[in-house]
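A short worksheet on the structure shown next.
Naming follows writing order (A, B, C and D), and every chain is counted from residue 1.
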């Protein structure tokens, strides 16, 4: 490696971060090849540890009103898309879209949260906040994917599951649990990308894939910054402080082993150039599927389970 | 065989009926052993072809208000029973009961329609008329049975699925279809007994078992006698005539290959002696399970499918 | 107890236009425009004035959907038997003979191989004109064999349903066509072939409660009645006030039971796209 | 955007009795009877006057459920790390240390082998007193290992939950405990072992949205709050009027989400019967 002083400093910093990572019992993805080297490349690419300002910038970009939503990507990366509707029981939840898609020359099943662009659609889409009916729709098409051996792709972009009376009465918690279980059990290859807000249970319900990616300026978190601030700081105004503390940005999610890779966004972020953001997303989805498609279905399911079983940091 | 004149006449009649049966393309239960001989024994036992009065007597006994219902049998034939409630989505349908039961020294999963004895319970149980929620509860415990390799038993006793606005909106037809599909796909052994009214789609939804039995005075039919009369005779008062025409009684169901065996009732019918009716039912369920339990799960499923695929009479 | 299998479902539009029982079949029940038969055939039997979807007979439906000359019928010789020697006001055998004369069909379902938009498939189409599209042993057997052929050719099965329910005259054997066709779909699934279920007016009772609801994708035409129990029986039994769109495709869509409502003119390309999706699986 | 994971859920009774924040823990919030601690222990912490179910700490719960002397704790040494160096008004490490001192527990879940009514099982019991029963990496790992042990011993796993949700201080890793425990249940299922999920007050947010809802049988104590989002957040976010029994076991039962509501005094024999059912499977 030819080294300038600044790249030497960079490398030192990276070494430190990798060393720190190795110390943590992040028993991730055993059997997933190229783990450390990929991580190194990605961290390398991202440069130094994100500051509080960087993290907050991600939060803002992740929620940016011009950010591409699931259907914006679908129309750019799929050669054809037939949306499927309804949970066969009670309703069609517009906060989640599902369908058969032609992607990269083959058929896949795609599910994604869908926010609305204007106020009317936002209301219609319930701001991407899903009811149990939405998870049932997702589960139904997961089973369709499995029956026909179609790879399964999800795009995550939700503030969270809808916190309303009817949603609770219809079993919000239970359906988030069952949706995860259904996704874990899929025989087909799966990939998830967090393309905006990965808000808590509502996000994780459809994010139990063989590979979980995150766009550069997406966030993935157990709670919204405002919610966290309201509870721990007793002041929702401390959202920026909260975000810096619980670190929902892509770089930290990668470091913690929660995501497998970061999908680059165009200069200025995805809101600035939907076409280029879509091209980059498609490239990453393609690469992620290619990694897991050769595996035997049982082995793939085993690795998927092992991936999530290994999540967490504790002392023994 | 030592033969009296009357038994000679009987045998002649039986031979005729068997001959007729053999002529019909009833391609039933290939691979099910002892088919014809069992049929012969059963027909033998029942004596001559039921008259219109016999058929109507069955209709009356099948609907008799003192007839034992599912829970009457459960308390008599199960060593223990833990009822399970709810479809995990919307409601617990009291028209169908489901639970874990200890039967014959082992655990089984049991599902049955439940009518009410007095007016209050009848209303609560909706007269045994099931909503989609009831079929979802049944499907949930079917999956529980499969997960734990528990044999699956159903008792059928319903005028039909509930014909109401909400039931329709929640997908009555679709859930009857999906409930059948789930039952067809079970890896575990299954047995069904029609213990009263086997009313059309509402009955068949939970009757796709390896062995389907019918009590001597139960009925199993595509429509109620009154409904059939109203449509075809344009007069619901012609119910007796309709019943004689579409033959919902056990003897005819056996002849047509729809059921595999007839469960005897005590003298005077099941309403007259619940304990003895339960004893006889338990005996038949035990025998039916014993027939199918030794089979390999895949082979059992194949035979089950073949059994139902062969239903019908047509000319080629 | 009321019937749950209502084979008397006729035409909801007819029901609305009270006393209009003798309306000419080519008069639009919604806007009252009247058409020559060849005019309606031109427009796929959709009213050019108001978009009302007239019923389509099975052979005409096949002509609308399948690429010209690709349909190869199978099991055309299958006929209903009369296992119960059923006689109501008339004999079942007479009803069957009359239906065959009136419709030119052997029973209420036609099936065979076809191509739609140059994609191979198996096609099973019901005809409401044959005894209200009721499902007896012949319909069940023909549908089941269509599943088998689709499985062995490794192509999707496209079903187009129009049915008042089970065929009462075959008694319990007509009810057994529900599990029979469900089992056939299960075998189709084991062979990893798709079922594309197109529900047209009316798809009710036994057909809705069996194979039609098991489509990998469920498509409906606008305004079709899709109900297990028809509005008349629900009304009579429960005395409930029915919503205006009770049981219609639009209501079913709102309640999550259909994937898409597709106007007849768009049906062929839509099914073509679906076939392309599913054929890529192999 | 409001929080969906409401770890501030405390006690719905407390919320109802406004301004009653300093009520003594042994004063019944419903009928205001007051008891000595040994009296309440005698009655399984159920108010003899009105039947109110007081919270039960994990070790006492185990004593209530398990046959005397059969519980053998595992993984007692597991402790939470602080992967994010989390600091809000105080450091996470301080909160952990304080919780351990206050409760005598290493974290919010205790697990180990046990027998209930002479039937062997694995037992995993949460303690709301440890940081609101919140689920971080240690709770997730301990639960997952309990699944593994149940699978390898071929016995059912009995879980008793009481949780405000995910542990925010572990950030995204706390959210990952949802799929982690779901995967653990999946492995338990593959081993054909049962999960008997006993939901006690409160079972909310992340725990409800993962393993607790995946029980083969789901049992609840009377009056327990079982909600993904607690009533306060629902009220604040939607401004909807909440039903009186919002989120309570009784409401969940009506909506089909629990198999049985079992009063504490009957819980042990009830679980014993279930164990007998599931142990016969092998």
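Everything that follows uses one rule, which is that contacts are C-beta pairs under 8 Å (C-beta built on N, C-alpha and C of every residue); 3 or more make two chains touch, one makes a residue touch a chain.
Remember, it's a predicted structure, so these values are computed and weren't measured experimentally.
Enquirer: Can you list every chain that touches chain C and also touches chain D?
Expert: Of all the chains present, those in contact with both chain C and chain D are A, B.
Enquirer: Using the touch rule from the top, work out which pair, B-C or B-D, shares more C-beta pairs.
Expert: By number of C-beta pairs in contact, B-C is the larger.
Enquirer: Taking each chain's centre as the mean of its C-alpha atoms, give the chain farthest from chain D.
Expert: C
Enquirer: Where the CA atoms of chain A average out and where those of chain D average out, how many Å apart are those spots?
Expert: Distance between chain centres, rounded to whole Å: 29 Å.
Enquirer: Taking each chain's centre as the mean of its CA atoms, how far is chain A from chain B in angstrom?
Expert: Averaging C-alpha atoms per chain gives centres 49 Å apart.
Enquirer: I'd like the Å distance between the centres of chain B and chain D, where a centre is the mean of that chain's Cα atoms.
Expert: Centre separation, chain B to chain D: 42 Å.
Enquirer: List, in ascending order, every residue of chain B touching at least 2 other chains.
Expert: 88-90, 170-171, 174, 178
Enquirer: Using the touch rule from the top of the page, what residues of chain D touch 2 or more other chains?
Expert: Answer for chain D, listing residues that touch two or more other chains: 255-257.
Enquirer: Taking chains as nodes and touches as edges, what kind of graph is this: line, ring, star, complete or other?
Expert: other
Enquirer: Which pairs of chains touch each other?
Expert: A-B, A-C, A-D, B-C, B-D
Enquirer: Would you mind writing out the residues of chain A in touch with chain D in their complex?
Expert: So the residues of chain A touching chain D come out as 24, 159-161, 163-165, 167-174, 176-178, 180-181, 184-185, 199-205, 207-208, 220-224, 226-228, 230-233, 242, 245-248, 252-253, 256, 258, 304-305, 308-316.
Enquirer: Quick check on the complex: what are the chain D residues that touch chain A?
Expert: 1-8, 77-81, 83-84, 86-89, 136-138, 140-141, 144, 166, 168-180, 182-187, 204-206, 208-214, 226-229, 233-234, 237-238, 240, 242-243, 246-247, 251, 255-257
Enquirer: Which residues of chain A touch chain C once you look at their complex with the stated criterion?
Expert: These residues of chain A touch chain C: 80, 82-92, 100, 102, 106-107, 133, 137, 144, 147-150.
Enquirer: With touch defined as at the start, can you tell me which chain D residues reach chain B in the complex?
Expert: It is residues 189, 192, 194, 216-217, 253-260, 270, 273-274, 276-278, 280-281 of chain D that touch chain B.
Enquirer: Per the contact definition, I'd like the list of chain B residues that touch chain A in the complex.
Expert: Contact set of chain B toward chain A: 88-90, 132, 136, 170-171, 174-175, 178.
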